[in-house]
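What follows is a single structure, and I will ask about it in a moment.
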Amino acid sequence: MNLRKIVQESDTVPGRIFDIAVLVLIAISIVSLSVETLPDLSPRLKHLLFSLEIGITILFTLEYGLRIATAPSKWRYIFSFYGLIDLIAIAPFYLLLGIDLYALRAFRLLRIFRILKLARYSRTMERFGKALAEVREEAVIFFMATAVLLYISAAGIYHFEHEAQPEAFRSIFHSIWWAVATLTTVGYGDVYPVTAGGKAFTFVILMCGLGIVAVPAGLISSALSKVRRDEEH
Amino acid sequence: MNLRKIVQESDTVPGRIFDIAVLVLIAISIVSLSVETLPDLSPRLKHLLFSLEIGITILFTLEYGLRIATAPSKWRYIFSFYGLIDLIAIAPFYLLLGIDLYALRAFRLLRIFRILKLARYSRTMERFGKALAEVREEAVIFFMATAVLLYISAAGIYHFEHEAQPEAFRSIFHSIWWAVATLTTVGYGDVYPVTAGGKAFTFVILMCGLGIVAVPAGLISSALSKVRRDEEH
Amino acid sequence: MNLRKIVQESDTVPGRIFDIAVLVLIAISIVSLSVETLPDLSPRLKHLLFSLEIGITILFTLEYGLRIATAPSKWRYIFSFYGLIDLIAIAPFYLLLGIDLYALRAFRLLRIFRILKLARYSRTMERFGKALAEVREEAVIFFMATAVLLYISAAGIYHFEHEAQPEAFRSIFHSIWWAVATLTTVGYGDVYPVTAGGKAFTFVILMCGLGIVAVPAGLISSALSKVRRDEEH
Amino acid sequence: MNLRKIVQESDTVPGRIFDIAVLVLIAISIVSLSVETLPDLSPRLKHLLFSLEIGITILFTLEYGLRIATAPSKWRYIFSFYGLIDLIAIAPFYLLLGIDLYALRAFRLLRIFRILKLARYSRTMERFGKALAEVREEAVIFFMATAVLLYISAAGIYHFEHEAQPEAFRSIFHSIWWAVATLTTVGYGDVYPVTAGGKAFTFVILMCGLGIVAVPAGLISSALSKVRRDEEH
């Protein structure tokens, strides 16, 4: 059928036009979502953004319907990664029509996942996904090691700094924030050790921890090279 | 013997139940230890936590006894990594019964090493350990180079900044804290050079030092890949 | 012709002298441009720098003319990377003669691209260029992933922190600055989350994001090794 | 000759004792140099440290003399890396005897290079040196690229931020400090952009620059692996 070719493939002229139209729509949607958060918007602009949101949602709904209609296997599409992203892109709007306004903010935020609709059009994103799959096992090791390391860091710094800075290091839970900011080397400077013991502990933890927290970069970049080599051969 | 199978192995149903029970106990213990540090706990909750601590310690003692009883070689287990961790998980409690309360805090902290009991249940942790063993030699080089680099940095910045900031750079020992925060690129912002000489020195040290301090990440990630390749073949 | 040999090649004595003269001129120009920005320059020094600028521009113009005159293919040179850099090195000066002073500052800044004239004299820079070409595709993946990640981070932190810190996280656009400073681990400390939700979100984003933002280093260093191996064989 | 064996080799008992004696002397010297910088030292301790310094210098001079006397080729030793380090370890003391006290501080600082005397006793340090030699060429590329990048960053941020923060971004030279702290991701937080243009510029520079500044870690760690592989075969 002709419609299937337009929606599902992109090697005909109408198919390309369909793809570009959806891409433009995604871009407009992301910009509109961001502009919405600007403070001191004029009532006119607010109204325009709301109308735009309705229009975008209707068009995305249409796209979703077309994709279901033309999919070779309907249920497989609906529960695929792309199908779920397409649903999340429109669901918050419809849910909010029937629900009271209290939970509105959090639901509207979900619309930013529309940006993931871009994934469909990007061969490079696909390769990135393959690279991530390649390092899945190491990523699990890394996350477990990081969690244990963060907990030990938080418990240790709590021990050393709690008395000197009872506010910043109120409990082990509060100290985790320091552990995150330090071991990722972000170091905002809102909390830092002031006692000699705390500073020495920070030194030891950083020496042991940098190697663990910084590992994923090496994993992903070597996986990317591997994926490329595999594709070349 | 049947008990040995339950405690030491995990391919029978009772063996799996034993493992899961210990895992749950570890989780409860870690949460309880962390909650204990929260400020403004009600006396009732404090009492509950104390009772929980007694219960957990008794159960961990029981587990320790069972593991000794069922170990193929008792002494080998007691002085193995897991045996020592199992001992540390219960020792602080018993030691505190006989000792005055002054040193209590530091001893109680030791209980957080209970988190290392998790290592036994994780095949991925094992692989991480193998990767660390693989890079042992390079790690030694790295630590020596880091220590020398930190000392030279501290002595240099002391020379440049001592006069301008006598408080932050009071001595070479005090300047090591700056060296740690800078060379790990954490950069809290509590101490930083203000003189032109100190800034130029920081630049030179960072250019030479980043390559040294950031090395372990590369070492560990390449070791992890190697361990995986070895296991595949 | 003799002049072509002097300008285009560097294996004769006059050719080397020409190269060194241009290098010295570039160095003088860069120093002069930087000194110009120092505050509280004496009128005499300002006058000297202005005269120097006229002299440097005339000499660079002469060099540009000679390179066009002696190039094997004139148009190819003019639109080559080096040809454009040579033009940008002198164009701002001539454009400013006919234009009012308002846009002066921005145009004068363009002169700092003179530093790129150095590229011609550096075989190592060439290798760096080759390494960058080698990782072009991965770099594109990386930039797309980074852009999406930064947007999601900014939208998320806006959601969590907007109410607590309406000034720092005024809109999604303003929150991008936080996302940049955090995911690159620079962490100036001018904006940071204060709510528990914002801190937890920062943790999750950092765990996922560090691996992506830190990737290029691994890519470039492995590409550099590859380029070197290729040259050796 | 027997003395040569003791000084130059370490496979006899007296040779080992000589080595250990020098190592202990280096350690005492480093500790003494650091303690000297502590504020509020008692006159007695100051006197003790001064006596210690005289003793250490005499013993190091003796060692230097023995090494020259027993070296297979005297001049080669004197101008070798280790020979120069041995000289620098004692020279400041003798130079200060004849010179007025004004320049004393800087000269005394040179004594901290005594720590490099440790290099002789470390086979791992040797391997680190080999790895550095392996990446020499890439290191040159890296330093040139970094210098150009820092200059362009400083000139750019000066352009964007000079008007808003005339104090922090006084000139291109002053802006280099910002460039160093930002591109190394240290981010002390003493200077940071506040204008939208400056923030956008920081973003672009960080995206391009992180890959360049963080390269040496990857280079050194892969060189270390290579050196180890070469030694194994």
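Each chain gets a letter, A, B, C and D, in the order it is written, and its residues are counted from 1.
The criterion applied here is as follows: a residue touches a chain if its C-beta (ideal position, glycine included) is under 8 Å from a C-beta of that chain, and two chains touch if they have at least 3 such contacts.
Since we're looking at a predicted model, the values are computed, not measured.
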item	value
Rotation, 0 to 180 degrees and nearest 5, that superposes subunit B on copy subunit D via CA atoms	90
Recurring contact interface, reference A-B, options A-D, B-C or C-D [over half identical by residue number]	C-D
Centroid spacing, where centroids are CA-atom means, of subunit A and subunit C in whole angstrom	30
Subunit B-subunit C separation of Cα centroids, rounded to whole Å	42
Of all residues in subunit D, the ones touching two or more other chains	185-189, 214, 217-219, 222
Subunit A-facing residues of subunit B, complex	30, 33-34, 37-39, 105-106, 109, 112, 115-116, 118, 122, 124-125, 127-128, 143, 146, 176-177, 180-181, 184-190, 213-214, 216-222, 224-225, 228
For the subunit B and subunit D complex, residues of the former touching the latter	137-138, 140-141, 144-145, 148, 151-152, 155-156, 158-159, 162, 166, 170-173, 182, 185-189, 192, 199, 202-203, 206-207, 210-212, 214-215, 217-219, 222
Touching residues on subunit A, where the partner in the complex is subunit D	185-189, 218
